[in-house]
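In what follows, a structure is listed as structure tokens, so that the remarks can point back to it.
Chain nomenclature is as follows: A, B, C and D, assigned in order of appearance, with residue numbering initiated at 1 for each chain independently.
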Amino acid sequence: MAMTAIELRQRFQALRANKVFEIFVISVIIFSALVIGAKTYEIDPNILQILLFFDYAITLFFLVEIVIRMIAEPNLKAFFRKGWNLFDFIIVVVSILPVEQSEMALLGRLLRIFRVLRLVSIVPELRVLLNAFVTAIPRMGYVSLLMFIIFYIYAAVGSILFQHINPYLWGNISIALLTLFRIATFESWTEIMYETMEVYPLSWIFYISFIFVAAFVFLNMMIGIVLETLQREHEKFDREHGQGEAGEIHWMREHAEIMEQRMERMEQMLSELTTTRCKAEKNNNNR
Amino acid sequence: MAMTAIELRQRFQALRANKVFEIFVISVIIFSALVIGAKTYEIDPNILQILLFFDYAITLFFLVEIVIRMIAEPNLKAFFRKGWNLFDFIIVVVSILPVEQSEMALLGRLLRIFRVLRLVSIVPELRVLLNAFVTAIPRMGYVSLLMFIIFYIYAAVGSILFQHINPYLWGNISIALLTLFRIATFESWTEIMYETMEVYPLSWIFYISFIFVAAFVFLNMMIGIVLETLQREHEKFDREHGQGEAGEIHWMREHAEIMEQRMERMEQMLSELTTTRCKAEKNNNNR
Amino acid sequence: MAMTAIELRQRFQALRANKVFEIFVISVIIFSALVIGAKTYEIDPNILQILLFFDYAITLFFLVEIVIRMIAEPNLKAFFRKGWNLFDFIIVVVSILPVEQSEMALLGRLLRIFRVLRLVSIVPELRVLLNAFVTAIPRMGYVSLLMFIIFYIYAAVGSILFQHINPYLWGNISIALLTLFRIATFESWTEIMYETMEVYPLSWIFYISFIFVAAFVFLNMMIGIVLETLQREHEKFDREHGQGEAGEIHWMREHAEIMEQRMERMEQMLSELTTTRCKAEKNNNNR
Amino acid sequence: MAMTAIELRQRFQALRANKVFEIFVISVIIFSALVIGAKTYEIDPNILQILLFFDYAITLFFLVEIVIRMIAEPNLKAFFRKGWNLFDFIIVVVSILPVEQSEMALLGRLLRIFRVLRLVSIVPELRVLLNAFVTAIPRMGYVSLLMFIIFYIYAAVGSILFQHINPYLWGNISIALLTLFRIATFESWTEIMYETMEVYPLSWIFYISFIFVAAFVFLNMMIGIVLETLQREHEKFDREHGQGEAGEIHWMREHAEIMEQRMERMEQMLSELTTTRCKAEKNNNNR
């Protein structure tokens, strides 16, 4: 029985790896997400019927596949220990829940939204991207903390200085934080600046220094995280495959050690040879 | 006959590689594209006449050159197998089509636009850039998919929560997707936020989290693709030329293997030498 | 006594390294910063009381810890020689100053703002980020100088050409500098351009060339600084730990020298061996 | 005489390398540039007098220094062959021209603007940055050409489709090019889009595809150029100093060749040794 499950799992995996099948599933999920979500396009009811049929078929495919994967594992604990298995399981369960009743319409609509996450179940590249995103979170957290400190100090100074000019923008620190975020996105920031410059003509220093610092920290965060994530991915790939520059260097590093030991042995032998040679020479000559 | 075609092709290639000729052709194409397209500049009719003459001359040059390249190839199949040959052929054909009749004015105008693509035929660096663009498409596709999922979830949540506040912006998921794209470009996004914050004071979490996630994914996509493309180009160049850091490492990697084999042989010989030496010693001493 | 101080310091360091303690302290500092700063949230007085209690407790913890660190050092000079010690000391002193009197309310409010910097005292990653920021300042200074030159030349040309069109935007070089900064952030720059294009139809060249040059220099500055800082961090880490590609290469570089010397000695010995061998042969043969 | 000139030049170079002197000169140039340019700050006439005095003193310093550099060179041709010498010479000549007469006020004001370029004469880091900028121009040219093609095709299509909707934005290709540049900077682009979407509901495809393509090409251009320039700088530095990863690899690459040749010689000697050894053995044994 277990053998059959593993065999079936392999068949399903082969079907999934098929590019045409992948593109078909992606198209169905996207279109059904748009159609069900929007409910405004004037689509031929027959086409809509076919689309919904395919959408249910895909959910069924996922359901059957996940059941087979659960059977193929020795036990359920081992199955749920892998994060992505749990993710797939929840998505399938949410997709098959019958939530069409009117009394819980909002919940039903919210749950239906998450059906689009079936895309992550079918496209392995999206898992790689999400993994990269997840591994970047700790670093993002620390840089967000630094950004919060910078925004907070500017917001506190701004709310003290500009509160009487425009309480709608600088009324308290929370409002000032939002105003600063708006300035950081360059959204009509000159209007805000011109308003305060009428009272404090030098207040442009506040705005321009903030824009410089915020842009630097924001770019630092984004580019730093992206580059680190990319580098980590590449190093991981290179280490696993022994390919590329890093792989070649690693190969040389290991073999250099072997070569060094060999050369040490060779020098030892050579010096022994020279000594015995000399002795032999002497013996030969003495004889 | 074929020999002459190949000779002629070489002459045309030499003319093309000429920088002065290249700059002249680029100028003529750009100016005629602007003049023909705009039809509003008040240009001296004589200068316009000369410009049009040069423009036709360049198209003729391309026509003659492509015919020679076709003759120089053993057969037409081999010629059209290369993507860029097909591209050049279509551009030349489109450029010489006589589409000035009034009844198909729109088609004529659309076809004339593509004459500007003759620039790609004359500047080899543009082909390199377009190649880089084309090779980046698969990765772009997957990150676009991830972006679609993020945009879709935010659009669905936004359309459920904010539909009654402003149906013009959040009426259905399609409209909400467009609104979110607008927010991602920071286009008057604070107005949209302030409007919903009057009803839901905490809705800034929705906007700011979206801006963070969208900016991260977008920058990840762009920077990741650019860096990967650049790296691939460099690696390809280094591998072909054996130059640079990667080239030097690759050379060492290959030669390290040869050196290792040589040292193995040397150690073998040395150990044999020591053994025979000892035997000889013994023989010598025993005698 | 000093031993006990060092022991106590180690205990405090162990407590600080605790992740749960770190997250708790970060939460208390952020919430008390928002609550004290904003004074607008309608929070249950009891919760506020607890929050303030924890806030004072953290300051007390910092005070006790810094006193222990001061005692643990051989003398105060050695303590204050480290920049971060001085930073922590000032933050603690500012945090415990009793500045609630109404006559110096503004000073008190400004001082309270800086309590948020206790976050930098508790999170070592923030120190790394701030260090990176500080080391980037010299390079930032030079690129800012280049940007000033570019902005100044454009501002001067702009104020000469456009002064009579809109003195509010181009009245003198200082105002024009601010206007150009606004254009560099794309803030309603087309309005400014359309206004001057009515008088000088070719003035779009001024704006578009400025946007290109400013964007290039700004991106150059930001990306260059970020990449250099990242690279320096990585190199420092690799050099200290001997890990990664750079570490492996450095190891090989050093050992290659040792191997080369060893091979020189081996060749010497071999050539001696061959020479004496030959002599011995001759001796043997001659005998 | 020439010796004295060279000695004097060295003294001037020593003075220039002095950081305090550099910062003083930078401050004077910037403040005088702002004061002379703006002519609006209400500054104490005495301070203005001192500032102008220092400004003239710096120009005099530059004049004397450049004359000494000219004398120190064997002839004037050798002096002017270096681009930066010519640059410094023109800046000094422009700075000392007496252009205060009213009849050529505009020229005088334009010339005075360029006095700020004396900063480039005094700060060597700015020359490095400008060099990087100049070396990036060819690549920038090609990517600008690609961008022109993309903008042109979109502009032509846009002017054909949207001309009747808003001739002010899409009237002809030139105007459409400007409108597209505005869209690429996200300047009120949604207004433009909503206007055309009333007539063509699917025209959002036009705008969003354009923003994606333009952002990709623009970022590709900027990041690619910055990275390439940085890399070239680093490689140049590493090659010259033999430092860093690239330097270590280059050292190893060269020495690996020497080692390989040495090992070839050693193997030769060893194999000879073994052969003669065997012969000797035979001789010994045969005897």
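The rule is simple: a residue touches a chain if its C-beta (ideal position, glycine included) is under 8 Å from a C-beta of that chain, and two chains touch if they have at least 3 such contacts.
Note that the structure is a prediction, hence the values are computed from the model and not measured.
Chains making contact with chain A as well as with chain B: none in this assembly. One inter-chain figure worth recording: chain A and chain D are separated by 35 Å, centre to centre, where each centre is the mean of the chain's CA atoms. Averaged C-alpha coordinates put the centre of chain C at 25 Å from the centre of chain D. The set of chain C residues that touch two or more partner chains comprises 186, 188, 223, 227, 245, 249, 252, 256, 259, 263, 266, 270, 273, 277, 280, 284.
Touching chain pairs in this entry, ordered by label, are A-B, A-C, B-D, C-D.
Chain B makes touch with chain D in their complex at residues 26, 30, 33-34, 37-41, 106, 109-110, 113-114, 116-117, 119-120, 123, 125-126, 129-130, 132-133, 136, 140, 178, 181-182, 185-188, 222-223, 225-227, 229-230, 245, 248-249, 251-252, 255-256, 258-259, 262-263, 265-266, 269-270, 272-273, 276-277, 280, 283-284.
Contact residues on chain A toward chain C in their complex (touch as defined above): 142-143, 145-146, 148-149, 152-153, 155-157, 159-160, 171-174, 186, 188-190, 204, 208, 211, 215-217, 219-220, 223-224, 227-228, 245-246, 249-250, 252-253, 256, 259-260, 263-264, 266-267, 270-271, 273-274, 277-278, 280-281, 284-285.
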